[in-house]
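Once you've had a glance at the structure underneath, I'll fire off some questions.
Naming follows writing order (A, B, C and D), and every chain is counted from residue 1.
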Amino acid sequence: MKLELVAAKKWINLFVEKIEDNKSELNELDTAIGDGDHGTNMDRGAKAITDSFAKKDPDNLSDLYKTTAFAMIQKVGGAAGPLYGTAFLDMSKAVKTDNLELSDLIQIGSDGLKRRGESDVCMKTMIDVWQPIATAMKNGNFNQQTINEALNENKAMVATKGRASYLEEKSKGHIDPGSQSSAYLFEALLEVMGV
Amino acid sequence: MKKIINDVENIVPEMISGLVRTNKNLVRQIDGTTAVVRNDAKFNENKQVGVVSGGGSGHEPLHAGYVGDGMLSAAVAGEVFTSPTPDQIYEAIKAVDQGQGVLLIVKNYSGDVMNFDMAKEMAEADDIKIATIVVDDDISVKNSEFTQGKRGVAGTALVEKVVGAAARSGMNLDDLAKLGQNVIDNTKTIGIALHAATVPAVGHPGFELKDDEIEYGIGIHNERGYAIEKIKPSKELAHELVEKIMDEFTDKSGSYAILVNGMGGTPLMEQYIFANDVLNEMSSKQIDVEYSKVGNLVTSLDMQGISLTIMKADSEWIKMLQEPVTTIAW
Amino acid sequence: MKKIINDVENIVPEMISGLVRTNKNLVRQIDGTTAVVRNDAKFNENKQVGVVSGGGSGHEPLHAGYVGDGMLSAAVAGEVFTSPTPDQIYEAIKAVDQGQGVLLIVKNYSGDVMNFDMAKEMAEADDIKIATIVVDDDISVKNSEFTQGKRGVAGTALVEKVVGAAARSGMNLDDLAKLGQNVIDNTKTIGIALHAATVPAVGHPGFELKDDEIEYGIGIHNERGYAIEKIKPSKELAHELVEKIMDEFTDKSGSYAILVNGMGGTPLMEQYIFANDVLNEMSSKQIDVEYSKVGNLVTSLDMQGISLTIMKADSEWIKMLQEPVTTIAW
Amino acid sequence: MKLELVAAKKWINLFVEKIEDNKSELNELDTAIGDGDHGTNMDRGAKAITDSFAKKDPDNLSDLYKTTAFAMIQKVGGAAGPLYGTAFLDMSKAVKTDNLELSDLIQIGSDGLKRRGESDVCMKTMIDVWQPIATAMKNGNFNQQTINEALNENKAMVATKGRASYLEEKSKGHIDPGSQSSAYLFEALLEVMGV
């Protein structure tokens, strides 16, 4: 399956909505094992996306993802800004000439996260959501269950990257905030895909 | 939460505006950013390597309070406890580069490292020479492959002081980066909290401690520490922290500098009492302290607590720590 | 009560010891007292009128933090919130008199006034010329025959700065006392508290405020203020305080200096935001602010709160406020 | 009635005891309308008196009062130090050649307070205890009742001197801490007088 411009725009807009609705929940998750700002950071990014779209409505896929990336890079800060920013920037570059299968697109985003964060799955970061979803898409069985399972596994992990890693064993039993915001991204995608 | 603020969203721009407007002779704000850059006559005449630091807000006076002759060329303020964005850092780099390159002093948090890295890539595309040093002085976190590595905390102020002095004296970029790394390797910090900080956007303290409890090994962003214990007399705290830090130095000879740092909500009175006990500990161990500094240098909003930094410093570094500077807050 | 201290009885001597030992190049302690006196080469060469201040402890960095070239010659620390005793003040006077007399800067509390008075009598018996000025900048207390008169609060730091600069420039004792009184008459302060201070010997906060309440007009010893209200945005607080203070100046022309002072437990972040709002207020009233200072200058232990001081200051006073000094904390 | 050396020494020692026993109560009274340190201040003075007596046991009345005065002046600080110090110093001077009637002695102390504090009765200070007691003594009717009534009146006053005066009307309804410590002084005296 490929996502065309209209659907992709709806995806990003739904993501923006979900972030705004769950700002305090994300802050609370980050208060438990981080520094309490992930909701505030992502909300700033969400508002920046809306502003950018209002200023210039993206008229092709590459532009849509690039605009999203720049809003995140320029407004989010923290760890989440460069991470989401790099994922979407890489996705934007990849669809410059041709659209891609969703599974390939998300895999490219996931690889961007790994490169920017010098990290991988099982370190209790948002990669624990992106990578299993990219894989599930490739296998044709991406659904809400995929997201829930990814979050559950993430919750049980001990962090080895990001702020939560300072807590070592004590990071267990909490959902990583970046994984939760990524879960919203993919729940938005599910809605758009109509699954 | 009771705080003297307006909208939570505008905390950082309003704070930077207040800082710049009350210190016009020292600093100016770069348009469209929350970056602050030197504004003194000497800066514009002088040709030296630029020294830029920055990070999340909430640690004031770090970093903007240390911009000025003999310390930082510019400082970039992110949102509260949030790394600044690459474009802001990039603007600060451009504003201070005088052709000899720019050294970035970054605290070791994934957000800071990533955003400064992106800014470095942007500046290098403009042919500006960039070197980066990453401060990781907090010994309460083990430096293993299983963590992000040690955090950058109060020792950052001492690193900025030594590197700033060397940059003023005309040291080139490569040597400055080497010096900075050497200083970092010899700087160790540990902190305790009596009460956690309240992030304005969250509205309640990051964690709760009982009326007689303190937490050892906390970070400057409400990161939990390694142990909760009953509060002890200052003497005993000093004994424990000095032991813990000095254990990290294999060779205990030579001279040392200390920094007793208040976390924002702890009065100077307690900081001086603790400093007195630290000096007693050091002299009972026959360790030669040649420089000491006490105050709220690297804070964590309204956190109540204190950190101790010990730096193994040869006489040249001691001299660089002592040199007068013209900044808002050193 | 959680504090980083040892015995409550030893708080002041241990604090002074910590302060002196970490600033040996600047100050020394007078044997057998908790008085701190200049220890720089220039002090011993120079012949100037001595400037001595002091008062209860708990207001750090006031006064010991302001001992040094261009500000105080000596500072005498009493117990927490308690005036020092006459013999300690007398020792400080003797240590700084260089034959040109000594000016005493006293905050207007009956204890301070009486103890400094007794010390003055002792020094005069030694033929040392003494003049006294009494700082009473707190406009939240009415100056009537029915009270002790107005209190001396944060404006004291500005008075010490101007008087210190004039003393360094060689002004004689009489003129210095006149200048000091003139500065005091043109210096007005008002403070608010979000949370009262905890006196170590008492062990609990001096008063309780609800989670959304602030108290207007508090003193620096937990003295209650004139009104309790719901906390407001910084802008509105700035508006109210500026109005209230500017009402006290009959002639609003000329130039002004401002001091935004943190009470000890309030982060610099909030102080800068408030300072920004104060400057907005002043400029909307077309009042010319030529000097501004922000920080924990005159604190009240761990009190959370802020005070605003406005001084009507001609260009000479502004220059004296700006002059660099060599102290621990200015 | 006159107080001879042995009785006078017992008086001061009993006063010291009462101050030490009631240190926190005095701090609490001072917390309500002052700055919370009157108990701590007086306790420091009490210990200094004991130390001075141990160093050199006063062998005449004048010396006894002078030693008490110096201990207060040198160790108490605050308002109470110079006040008690001046009262006892004046009393010491007055008994240099001849002992005095108690009523005259206390009147001299009370006058010392007024001079040092530039104050008088009805300003809600310790003078509200010293003066009525000096008067009652003159009239030959000094007893526990005198002290209680003095404290009661003091409690009802609005302060116009000392820190409590900043509270204006709100100082009403609290006992002035210096008046309470003075009450202990005179309760000690009653015990010594055997009334």
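Simple rule for what comes next: contacts are C-beta pairs under 8 Å (C-beta built on N, C-alpha and C of every residue); 3 or more make two chains touch, one makes a residue touch a chain.
In this text, all values refer to a predicted model and were calculated from it rather than measured experimentally.
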Output the touching-based chain groups remaining when chain C is disregarded and all other chains stay put.
-> A, B | D
For chain A and chain C, what's the span in angstrom between their mean Cα positions?
-> 53
Gap in Å, rounded to a whole number, between the CA centres of chain C and chain B | 29
Would you mind pulling out the distance in Å between where the CA atoms of chain C average out and where those of chain D do?
-> 31
Of all residues in chain C, which are in touch with two or more distinct other chains?
-> none
In chain A, the residues touching two or more other chains are none
Overall pattern in which the protein chains touch one another (line/ring/star/complete/other) = line
Kindly provide every pair of chains that touch.
-> A-B, B-C, C-D
Would you pull the chain B residues touching chain C in the complex into a rising list?
-> 2-7, 11, 14-19, 21-22, 57-58, 60-61, 65, 194-195, 211-212, 214, 231, 233-235, 237, 260, 264-277, 279, 292-296, 299, 301-302, 304, 306, 329
Chain C partner contacts - residues on chain D that touch it in the complex = 27-28, 31, 34-37, 39-41, 44, 73-83, 116-117, 158, 160-163, 165-168, 170
Enumerate the contact residues on chain B facing chain A in the complex.
-> 8, 56, 78-87, 109-111, 114-115, 117-118, 141, 145-148, 151, 199, 201-202, 206, 219, 221-224
